[in-house]
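Shared between the two complexes below is subunit A, which has subunit B as its partner in the first and subunit C in the second.
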Partner chain A sequence: MPRPAFIAGAGITAATSPRKQTSSATELVQEAVWKALEHANASADSLDGLVIGNIDGFEGTVLGAKHLVRGLGLSPDLPVTVLNTGGTTGGNLMQVAARQVRAGDRERVLCIGGPTFYGAEDLQAAINTNSPMVVEQPLGMGAYHMGAFYPSAYQELYGTTVEDFAVSAVQDHAHAARNPLAHLRNELTIEDVVQSRPLSSPMTMAMVCPVSTSANALLITSEAGAVSTRPTPVLIRAMGTSSDPYLGGGKSDFAFMENLAILARRVYAQAGITDPRAQFDVVEVFSPYAPMQPMQLEALGFAAPGTGIELIRSGATRIDGEVPVNLSGGPLCTNAGVAGELAPCVYVALQLMGDAPPDIQVDGARLGLAHGTGGSFFQFENLAVLERHDRS
Partner chain B sequence: MNLPVSSNPVTQRVHWDLNYDIHLGATWGRFMAGLRQKQILANRCPDCGRTFVPPQPYCEACFVPTGEWVELGQEGTVEAFTVAWQSFRGGPQPPYAIAAVRLDGADTLLMHYVQGLDLSDPNAVREQLPAGSRVRAIWSPERLGQILDIAHFEKI
Partner chain C sequence: MTRLHPSASGQEPVAVLAIATTALRDESDAVLDELVFDATSQALSEAGVRKHEVGISITASLDAYDGRSISSGLTNAAAGGYLNQSYRVEGDMGQAIIAAAQAIAAGDVELALAVGVYNPEVSERDPQERRRFLQQISHLAFEPHADRPVGLHGDAVLAMHAGRRLDRDELSLADLAEHASAEISQGAGRPPARRHATSAEQVLASPLLADPLRELMMPAESTGAIAVVLSSVPRGRRAARARALLSGWGQGGGGTTSPGQWLVDPGSSTRRAAGEAMRRAGIEPSALDVVELTSATPALHGELLVALGATHLPIERINPSGGARSCWPGIANGGLRLLEAVTWLEENEHRGRALVHSADLLTGSVVDSPTVLALEAV
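Here is the complex of A and B:
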């Protein structure tokens, strides 16, 4: 077993639409970095590494993150690792930083999630350029068209209705209404979700995430690196990533998230998770499209196949439920690209530290699950089991 | 300077307009040459025996080069689909249907358009392509060796 890595501080900015955002990407990222260092009570000169990401083409730049970090006023000697794994970049930032710490090479690595969906005039057109070239890119698919294949196959198998899928959108919005850092904070009814503009069947606009601007940052440390930090550290107990074939047509079954289920088995085995529903106190999954959430909860072992919507309807995933899910409102209510993908790790860490926004804080949360997914047809998955580590 | 803050410009437009020539390689080159001849060519993994379309130079599961080529039939079954009511800049004119088609004899799915459906009622599209719907490839009259040489699929 390598030495353990911990989360020792987190910073997150408020979120807005691009239209209302008057800060530059550099200014937003700077704010998140200051907040994380202040939360951790760590000085900038105590850092010995930075991990930052971007998604080429989404920002009108290539390797924009590399240039962005130089402007932050941190040490010019800091080694910088730039990640570019599409929509999974955010979750991978935390995992790469944690591996650098576990390897013994670094003590305090700051990972930075920038606002990647910042400027594209038509984000779906930018996302289409990330579609498998030559054989699938010419077929008129942006991200939500790809995302629609899953609920469509699920409907075919289980007879699920649009009203059923709306349940998870209603819950995410109810949660976001309590989170002052969320972008969309309006409550919705089933009727609102069903009646909103059809985008790609069976999904309506209310089932699809907004384009948000926000930034966040996480401080990842060794045990020694967390001795003088302020919040109760969070142990990264287990983590992993997994990939499906690149082509959408390489999926074996759109009605079940097999790649995520395989990853969950692997990560749960590392962490000693045998009964996820009983063991986890708080969960954040990356479901930018509402119908993904019940399917992810099934793949993660919180519900049997075909019963994810029932689980949400039962109230078990609300703040007072057995296993609260996406109390932040999730990416359905705030999605800023790389920052949106790092957000599940940020919110779960804050929950376990006891430092989440008061109206979404789960009392006494000790064990949490943070998930991310992205890439063409969501071929990449990442997962981390996080645990509160009380100081002795 | 006493300019009111509200008059500050907030954004500035940046534009990319770049063309790329993607090398198809031996495997996709052969697949595209087949499409010009109205043939849908697939290849097989010698270890697991799965049949790939579009073909792959190697098997992602077995980590071995693929070998045997086969010509598939031009019909298959729709496994999943979506109807796009909104497109994007440079995309097709909505509404349009995109499906994951299991061609007879293939182990992977081929993504493509399905035309000839009645898409007038957003609430009734599921009945247009019920489970097990059979479709057939319709060829473009002018074929250039590209995926759109199959113009679209149509229900049988």
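Here is the complex of A and C:
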């Protein structure tokens, strides 16, 4: 019969830009892996599987994870599963590892999120190669151009201003300023955000994520595999993914994230979530562009359509609010590719274990939501409901 | 009703309801999502399953072959992923089949799809140019500091392994040619075969690829897509048809170039995968009736056979399809090997057990990720 899967340890490195990074990709990942094992109080030889991701074209090596994973000092014959789903790769690592455990095949699987953006000189050009070939590629569209479709449609529907969209950027930076592991830790004002360089209307530079380098790792175990681990384990209570077509025209309305809303309904039903705003203690959403965050919060049921910005403005999503969101600073302040996508799961797990960096720790957090998105026009979504599992 | 009755020895087997392939050609004149849609829709139709019943779809493909980043973004909806659970593994399709089986065994879904697609973005008009393109992709998948500066690619790795066995008098060049000739001739005439019956002399006369390996000693490359529909056993019992039971599965992992395992013991990763698969299936190697394995060269064949525990099988039950030297659809190979083994079980009056071995050959036997599937006839 299927078994539950738990997060039993997490490791994460401090982030910085590729230019200022003094560690190699292998060294960074090694640091994250050994931190996760140390956090879990688990030995490397207790592992029986590895799940790692890469995004070809964004990196200097084809299927780079295959070699990277063998340079970490772990057992050389561990089975490795390599994933690549673009911006959802990181979150999917945890789901695949959890299924390996829940299927009874593995007891302790390490998910590894590496610093994807070491090799690409022009990331938007690399991203352009995944966009549709008839119109978007010849136009030179990159990720933030696709990301701008959402706030443009939202503006059209609700009359939202650039100042309104700046709200989540200001809050994410305020949160990142308290997180010693974040890349951009400068605080911003609404005016700073609005006045920064226009990138793709209505988004300005300050609404767009940085290119970061960091790494992280999560240890996923069976119940038996978590018996001797140190932190309070976190139960993966529910999880899932959902996908749109890759053509932007496949979405009926960019002002509403229907694919995410459909996924949330499915995952919440598995987890028994009936009132997300009241039930979740901590939330990390993958919003690399600031205007996406209020829209994601609407699709996730934290706010009614058109009121996501008001939710953030009300203070409800701050550390002392009703439902703290992106206390890590989110991808807007640290986006290290696959590591950036695994980060929501890592930070939520640390929060529920009580092991988050002290200035962002939510006291008594028991239930959390971790989200990821990516692909052409952000066609892929993933979600996981995580729950603190006190030992009896 | 299929009346599936799995043996009691296994742990949570999964039913194989359908396997469908596109035409496997030297070069497919269709774009990736067309190929994926073709295979997926055929497999669903064969299984009598509607798309919305599928709980998860897992694709195996590789961006570098597909000529675009995040290529699964293009193929995902065609693989049944629209508003559904899905993801993509970068590796051989055996990995996707195992991931789909695990989603069922985990209790998350009743029906799962695994799809593999391979159609490299290069024309076959100049075979040498095509080979160089594939070798360049392979080269870029090697470790950048030590391996790439000496020009490594998968063919070179495989040739070094074969050369070592010849130097040590463990095999002769004639042995390699005879093995290749026997497999090619065994598969010739079957639907997916890419090569005609051939003699050992013809193998030796084929173009030298990387000394001592000749072109006809290598896998017979083809392109296309393959889709497999899996279900839980209870759901499979309500299906119109089931083709086999997937009673066990296992994964292995090989080391980098420096420890040298790829040279001296290239079967070790397969040994691990086979052990896992047979433990899950609750069987010993002696219970096997047939094995379908992917040996990239004849020099690897014997070591892989030992690793799979299948040395006791008569020669006609080892790669009865002709194996990869008869047809090798790249990343989708795991699906074809499964289809060949299932077909053999069906032709064997629906009796017996099979072991299916596959791996992507991107970096030869270096950092390989073999998979092994254990099958039971229904």
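Methods note: the second predicted complex is superposed on the first by the 389 of 392 C-alpha atoms of A that agree within 3 Å, B and C clash if a C-alpha of one lies under 4 Å from a C-alpha of the other, contacts with A are read in each partner's own complex, and residues count from 1 in each chain.
By our rule, a residue touches a chain if its C-beta (ideal position, glycine included) is under 8 Å from a C-beta of that chain, and two chains touch if they have at least 3 such contacts.
Remember, predicted model here, so these are calculated numbers, not experimental data.
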{"item": "Winner by number of subunit A residues touched, once subunit B and subunit C are compared", "value": "C"}
{"item": "Contacts of A:155 with subunit B and subunit C, given as first, second, both or neither", "value": "first"}
{"item": "Which of subunit B and subunit C A:375 touches, first, second, both or neither", "value": "second"}
{"item": "Which superposed partner A:245 touches (first subunit B, second subunit C, both, neither)", "value": "both"}
{"item": "Which superposed partner A:279 touches (first subunit B, second subunit C, both, neither)", "value": "neither"}
{"item": "First (subunit B), second (subunit C), both or neither touched by A:82", "value": "second"}
{"item": "Contacts of A:105 with subunit B and subunit C, given as first, second, both or neither", "value": "second"}
{"item": "Partner chain in contact with A:134 - subunit B first, subunit C second, else both or neither", "value": "first"}
{"item": "Subunit A residues contacted in one complex by subunit B, in the other by subunit C", "value": "57, 60, 245, 250"}
{"item": "Residues of subunit B defined as touching subunit A within the complex", "value": "8, 10-11, 13-14, 16, 22, 24, 28, 53-54, 60, 79-92, 96, 98, 100, 108-113, 122, 125-126, 131, 146-148"}
{"item": "Subunit A residues touching subunit C - in the complex, by the definition given at the top", "value": "1-2, 49-50, 54-58, 60-63, 65-67, 70-71, 76-86, 88, 92, 95-96, 98-100, 102-105, 126-127, 129-130, 240-246, 250, 259, 262, 374-376, 379-380"}
{"item": "Touching residues (chain side subunit C, partner subunit A) in the complex", "value": "11-12, 62-64, 67-74, 76-77, 81-91, 95, 99, 101-103, 105-108, 137, 140-144, 249-256, 259, 261, 268-269, 272-273, 276, 280, 362-363, 367, 369"}
{"item": "Subunit A residues within the subunit B interface of the complex", "value": "21-22, 57, 60, 119, 121-122, 124-125, 128, 133-136, 138-142, 145, 148-150, 152-153, 155-156, 197-202, 245, 247-251, 254-255"}
